[in-house]
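These notes open a run of structures that come right after.
The same chain A turns up in both complexes below, where it pairs with chain B and then with chain C.
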Partner chain A sequence: MAERPEDLNLPNAVITRIIKEALPDGVNVSKEARRAISQAASVFVLYATSCANNFALKAKRKTLNAGDVLAAMEEMEFERFLEPLREALEDKEKKPDSVNEKSREEEEEEEEEEEERMEEEPEVEAENDAEDEE
Partner chain B sequence: MAATAATPVTPTEPDPDRCVSEEESRGAEVEEENTQQHTGPAAAVSHSRLSKLPLARIKALMKTDPDVSLASQESVFIIAKATELFVEMIAKDSLVYAQQGKRKTLQRKDLDNAIEAIDEFAFLEGTLD
Partner chain C sequence: SLFKTKVPPVWRRVFRKMSQNTPDKDDQTSSNKKNISLPMSRVRLIMKSSPDVSSINQDALFLTTKATELFVQHLALASFNGSGKETNTLSYSDLAQTAEEKEVFHFLTDILPKKILARDYLQSLDQMQDDDDADF
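Now for the complex of A and B:
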């Protein structure tokens, strides 16, 4: 079942809550503004994903990882996000939950892929040496 | 040694006025904490460990990109967190324009103004309905 980007919106209730918590008391948000922010958030996810994926592809990895996302944030000029994101990552590691069990399967896939990449690396290095000799 | 009446006698019945004032002071403290969060630096706002945005939805969005094959759990989590930060940022930056218009309600045009004015939001131009 293919889902188009337009079909996937982030839940309005959560978006509204995030907005309300960010703004001072007494400030209201129109329905149109809320809808636009929700749309903007979806666009942000897509743009960040695309940017992060470029870093993964550059590193010859098929699996997007957190480091790729952090690199993407910097590329997108959202450096201010880097510190809170790193803190969130540390917090997550301190308190592992059942969600991490799923990620282990994915990490195993990543390791297998990275081992394949490592086998290819000596070839790349050999090419570089050849270039240096010239 | 005669025990004088200098020692204060604690009332056996709770003083209703005191209870109300305690609640009021507690409420005031909560409000103060909230305002401190709002006026403090953005980095000081505490974020819960869990992301508020549903990771499954975020991942489904990410997968609509044909170039993306696999995404680690961590990366989905970090994008969810980053999106939260983004929503906070764009809401706050748009509010400036509402305030300039002496309004207390954030409107769509405030968002448009922020997108046009702020470099980081340039990627949004032409993407919203």
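Now for the complex of A and C:
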């Protein structure tokens, strides 16, 4: 399924806020710089995902897990992220609230939808084969 | 608002819940707090566009989202400390400069190319033409 280009961009408002909070007060950030950082962030996600996926495949797993992402960060030489990432993960575990539960439900829903979609495809192919034989 | 048209109801509830987190007593930026600002649904969309990725565990999605926020901070700050400080502005050229200088950002050189003046480009084209002519 082809995604529209804008679907793979991150929301500008959030990116701008993160940039502003990282820089000293009063620093101007050009519009072009903001757009470029946003695109760089999307590329970062792709790069990190690809890297993490290699670790998962090496371990013969089909599901990307937290360990794969951490291994990817180290591989990409972003070791400085490891400590804050581990902390963030620990803090998330400490809060077994509905945020985590709802997200898991969402993931299960999406996986079910994907399975349904996969079941539909073979039927289309079978019809085509039948037509060819006639 | 954007949320009402594009974000499914279950995610709207999740975002509301996340934004209800009370700020820490010590003065931390929202990206350093325990909640994250970037929408995980969007990050997931980008991750799924990567070939050979079957499924993504919830913690992996969370960490990737958090890492992306850290990355944005890191890129912005490194670029500002590099050349932006002189003008108290973070501009595109600061980013391109950082991508070229710092190894950890080398993967960005294709999407953050340095810009050159049109006349300099045309001059270098002439130069290449002269070099070619010289061979014959």
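Observations
Basically, the second predicted complex is superposed on the first by the 95 of 134 C-alpha atoms of A that agree within 3 Å, B and C clash if a C-alpha of one lies under 4 Å from a C-alpha of the other, contacts with A are read in each partner's own complex, and residues count from 1 in each chain.
Quick note on the criterion: contacts are C-beta pairs under 8 Å (C-beta built on N, C-alpha and C of every residue); 3 or more make two chains touch, one makes a residue touch a chain.
Worth saying up front: this structure is predicted, and the values here are computed from it rather than measured.
With chain A as the common reference, the superposed partners chain B and chain C clash.
Contacts of A:83 after superposition on the shared chain: chain B is touched, whereas chain C is not. By the touch criterion defined above, A:33 reaches both chain B and chain C. Touch criterion met: A:25 reaches chain B, while chain C stays clear of it. Residue contacts after overlaying the shared chain place A:45 against chain B and chain C alike.
Once chain A of one complex is fitted onto chain A of the other, the partner contacts of A:74 are absent, as it touches neither chain B nor chain C.
Common to the chain B and chain C contact sets on chain A are residues 3, 8, 10-11, 14-15, 17-19, 21-24, 26-30, 32-33, 36-37, 39-50, 52-53, 57, 62-66, 68-70, 73, 76-78, 80-81, 84-85, 88-89, 91-92, 95, 99-100, 102-103, 106-107. In the complex of the two chains, the chain A residues touching chain B come out as 3-5, 8, 10-11, 14-15, 17-19, 21-30, 32-33, 35-37, 39-50, 52-53, 57, 62-66, 68-70, 73, 76-78, 80-81, 83-85, 87-89, 91-92, 95, 99-100, 102-103, 106-107, 109-110. Across the complex, chain B meets chain A through its residues 34-35, 38, 42-43, 47, 49, 52-55, 57-58, 60-62, 64-65, 67-75, 77-79, 81-92, 94-95, 98, 104-108, 110-111, 115, 119-121, 123-124, 127-129.
Only residues 10-11, 13-14, 17-18, 29-32, 34, 36-40, 42-43, 45-47, 49-50, 52-60, 62-64, 66-77, 79-80, 84, 88-92, 94-95, 103-104, 107-108, 111-112 of chain C touch chain A when the two sit together in their complex. Partner chain C is touched in their complex by these residues of chain A: 3, 7-8, 10-11, 14-15, 17-19, 21-24, 26-30, 32-33, 36-37, 39-50, 52-53, 57, 62-66, 68-70, 73, 76-78, 80-81, 84-85, 88-89, 91-92, 95, 97-100, 102-107, 111.
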